[in-house]
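Have a look at the structure that comes next, please.
So that you can tell them apart, the chains are marked A, B, C, D, E and F in the order they are listed, and the count of residues begins at 1 in each.
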Amino acid sequence: MTRALFVGRFQPFHNGHLQAVKEILRDCQEAVIAVGSSQESHAPENLFTVGERIEMIYESIKEAGLAGKVLIVGIPDIKYNALWAKHLMVLSPSFDVVYSNSPLVKQLFREEGLKVRPLKMVKRKEYDGTHIRAQMLAGKSWKQLIPAAAVKIAVKIKAEERMKEVCACDKA
Amino acid sequence: MTRALFVGRFQPFHNGHLQAVKEILRDCQEAVIAVGSSQESHAPENLFTVGERIEMIYESIKEAGLAGKVLIVGIPDIKYNALWAKHLMVLSPSFDVVYSNSPLVKQLFREEGLKVRPLKMVKRKEYDGTHIRAQMLAGKSWKQLIPAAAVKIAVKIKAEERMKEVCACDKA
Amino acid sequence: MTRALFVGRFQPFHNGHLQAVKEILRDCQEAVIAVGSSQESHAPENLFTVGERIEMIYESIKEAGLAGKVLIVGIPDIKYNALWAKHLMVLSPSFDVVYSNSPLVKQLFREEGLKVRPLKMVKRKEYDGTHIRAQMLAGKSWKQLIPAAAVKIAVKIKAEERMKEVCACDKA
Amino acid sequence: MTRALFVGRFQPFHNGHLQAVKEILRDCQEAVIAVGSSQESHAPENLFTVGERIEMIYESIKEAGLAGKVLIVGIPDIKYNALWAKHLMVLSPSFDVVYSNSPLVKQLFREEGLKVRPLKMVKRKEYDGTHIRAQMLAGKSWKQLIPAAAVKIAVKIKAEERMKEVCACDKA
Amino acid sequence: MTRALFVGRFQPFHNGHLQAVKEILRDCQEAVIAVGSSQESHAPENLFTVGERIEMIYESIKEAGLAGKVLIVGIPDIKYNALWAKHLMVLSPSFDVVYSNSPLVKQLFREEGLKVRPLKMVKRKEYDGTHIRAQMLAGKSWKQLIPAAAVKIAVKIKAEERMKEVCACDKA
Amino acid sequence: MTRALFVGRFQPFHNGHLQAVKEILRDCQEAVIAVGSSQESHAPENLFTVGERIEMIYESIKEAGLAGKVLIVGIPDIKYNALWAKHLMVLSPSFDVVYSNSPLVKQLFREEGLKVRPLKMVKRKEYDGTHIRAQMLAGKSWKQLIPAAAVKIAVKIKAEERMKEVCACDKA
């Protein structure tokens, strides 16, 4: 049995992420999805709370028929890079290989002696958190870019409205 | 659809906890298991890391045929009781009802306006974390008290040996 | 103009504290009341939130006709004794003298080069936080021990009920 | 009785803030002034310590004849937006309505179910913290922009000199 | 070249510790002394600040003619056992072997894959931090139990007086 | 006996720093080197862990024949400027004078009542951390800019490779 780790912030979880999970599950029996910067929310770069992100991922995974093969864990920042990879290893069930395209993530796990593999990401310009949040802010279409199950949750918590409020810049 | 929250430290997850999950899933479609004091480990009262605890719960849930109905989240202590219930609500997918026998947990969630229900726990003297860790320390039988899938993990990480080391009291 | 500092946890603010404030205001024009362990609440030793404690003190001070002579500040613990006195000095308006009966508080301020004076406390057995909380827990009389304005707030937030819940010991 | 909350960083408390407090006290009997980012000081954007800011506000309030109607509390950042509004509610006496022009502050309190009202600010270009600190840095006039009682404190702690030092950029 | 790690709290550094350092330097060319619980001070169990402890160790090491063979680092607690050994490895120059008699320290380093050796401690009842602080509290002799260079510093900071103050128990 | 404090981040310790230490030791008998932002590493501005930085400084100091005159301490950021100078004073052996060219550091120590002196730095464009890291990133020569003993350690930990990885910008 091989278990993979897939690290991201998932602001929000989109079709590219789902595609990557399917790719990973071709090579490994199980995947842990680690939701980074879990303490962040209500900010232009970090719109959703970790609870909302976990719920979006969980429902998307069920919708895709992958329930039972995927575990989700939240990872708070520790602002202490030299301990970050080990910190993630303590917060997660054990895993055998890390999937990531982030050079920092790859460097930190390699220094811990772990195997790291690149992710094949499709349509990187559209399936991209920054792009999706920009579409929300502009009131343009974004629902076709994330799984239907995640759309339902984003609508329920009024993601578009929240994005507009947290991007307005008038400070007290 | 109703989602329940079940809070504990799960040091370790035992047959009584599994029984309680089954009970909860009779009333609700889904359960979130919140693993408290997630930063603690390697101590007499808190033997396992949160990653180990999540893995034990996850495998026990799969073994019991409940995969896809249960989500697991780690909850670090914040040493700030007045914010604890809200903190848990941010770290978890949304839920409708809280199951707990802890008066403090019940009080904190009630002050947040949430519904709280008691847990029916069976064989409370045997199915009890403190008792199970004491059996490990004494080198007595404990494997029949936790799910077989959890036993496998506890054995792999040498839980008995760790319990004996962290209970030895010679300080530097 | 002389401004005094008066440090305590005020769980809750009682008649002895009010007496001490009056005493201090005989020697000094103004007093800063520093509410320590401000992050604590919902615990047997620390029942009230800092907001609740500030509100009780503020209303008691107004009731006693001392408004405009007393400032209240919350002080979170920093678990770093060597910085604690300085930390308090940063969180508070400047002051000239410290009133306290705590040997540790006195030692820490003396090491910072500040003047420290003892407090004259009356009826120390009755006008005592631990005693008052024990009376709440036992359902015995406590309302005569704290200012009327503070009683009103304690009743509104159901202090007795909270004390009973947080002292119950059944853990999850 | 209605109590209002007024949130800001008050770097420093200026005539526009004082005007706003008077405005608020036309609608409400009492106001809590919440001094945000309380841990910050000695930086170009955050010049004064929270103790200094509280002292400036307190003296300005007394000077304006409003003592006894205004309470001041310091609020440390928690870098955890989803808990920030609740955190403020724990640190402050209870309040009925929030006055703010910050979209983020308004969004966070609205998600907690609180009433939020806009602030009428006068002369927004002059009565502005950033502008006042820039005047200090340039050695230009700023004393007419903040209450006389606050000027006295700013002069005593040598605000101009501190502003110049913390804006100099030579790093070790 | 072999570098050893020697972990303790050194409250205070005594003759037994010095003896142990000499012992270690028979097997290894260099030693790192890691001063744990560095944030603690002014408490019955943790009397000295980390700066005071480093100064006592440094002067004792010079007095013993070992300067240039010993490095001293402070280690703040992280209240996160699973990361503690790695945390220490990040804060210290690299080392090849750990000397400790603490079962927890030994267990945590062994789980990181490090070599651990026991310390030979002499006169364990007298050369013992708890005993030495108890002697200070009682006003009995303690100066013969720690190196002369450390005595000088302890006297300068009035260790006896501080011990008596922080052990007095009258709370505010 | 006079002991000096020399504060920096030392990313990495270079010939200009070593020159400054020698300069300081002409006026003072001993120097404490305080390594700031100790929790940072693996970032473009903060490449090395504090353990690595201490090791580089320690070996360079030995190489320069100054062992026994220099002590090294790590200083974690506290993000609380008003306490920073005092925090450093707690983490370090006592000192008599501070050497720094940072206006903020100088301002904070002056407010604590300490004597501050400027550093004479030579070849400031070349002997400069930012410049040295840029050379590493570009694969250009940097070894002549830092002490030979520090080069050896930087090579062992593959500093160039790490710099390139942490500067690559592809985020997960």
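Criterion: contacts are C-beta pairs under 8 Å (C-beta built on N, C-alpha and C of every residue); 3 or more make two chains touch, one makes a residue touch a chain.
What you see is a predicted model, and the numbers here were worked out from it, not measured in a lab.
Student: So if I look at the partners of chain D and the partners of chain F, which chains show up in both lists?
Tutor: In this structure, the chains that contact chain F and also chain D are A, C.
Student: Chains touching chain A and chain E alike, please list them.
Tutor: Chains touching both chain A and chain E: B, F.
Student: Test of understanding: which option in E-F, B-E or A-E shares over half of the contact pairs of D-F, residue numbers taken as the match?
Tutor: B-E
Student: Using Cα averages as centroids, what's the distance between chain A and chain F in whole Å?
Tutor: The computed centroid separation for chain A versus chain F comes out at 37 Å.
Student: What whole-number Å value describes the gap between the mean CA coordinates of chain B and chain D?
Tutor: 44
Student: Using CA atom averages as chain centres, what separation in Å is found between chain A and chain B?
Tutor: Measuring from centre to centre gives 25 Å for this pair.
Student: Could you check chain B for residues that touch two or more other chains and list them?
Tutor: Within chain B, the residues that touch at least two other chains are 41, 49, 80, 82, 90.
Student: Given which chains touch which, is the overall layout a line, a ring, a star, complete, or other?
Tutor: Shape = other; not a path, cycle, star or full graph.
Student: Who touches whom among the chains?
Tutor: Contacting pairs: A-B, A-D, A-E, A-F, B-C, B-D, B-E, C-D, C-E, C-F, D-F, E-F.
Student: What residues on chain D touch chain A, complex-wise?
Tutor: Against chain A, chain D makes touches at 7-9, 36, 79-82, 100-108.
Student: For chain C, which residues count as touching chain D in their complex?
Tutor: Per the stated touch rule, the residues are 38, 41, 49-52, 54-55, 58, 62, 67-68, 71-74, 76, 89-94.
Student: Which residues of chain C touch chain F in the complex?
Tutor: Of all residues in chain C, those touching chain F are 80, 82-83, 86-87, 90.
Student: In their shared complex, at which residues does chain C touch chain B?
Tutor: Within the complex, chain C contacts chain B at residues 39-43, 49, 162, 165-166, 168-172.
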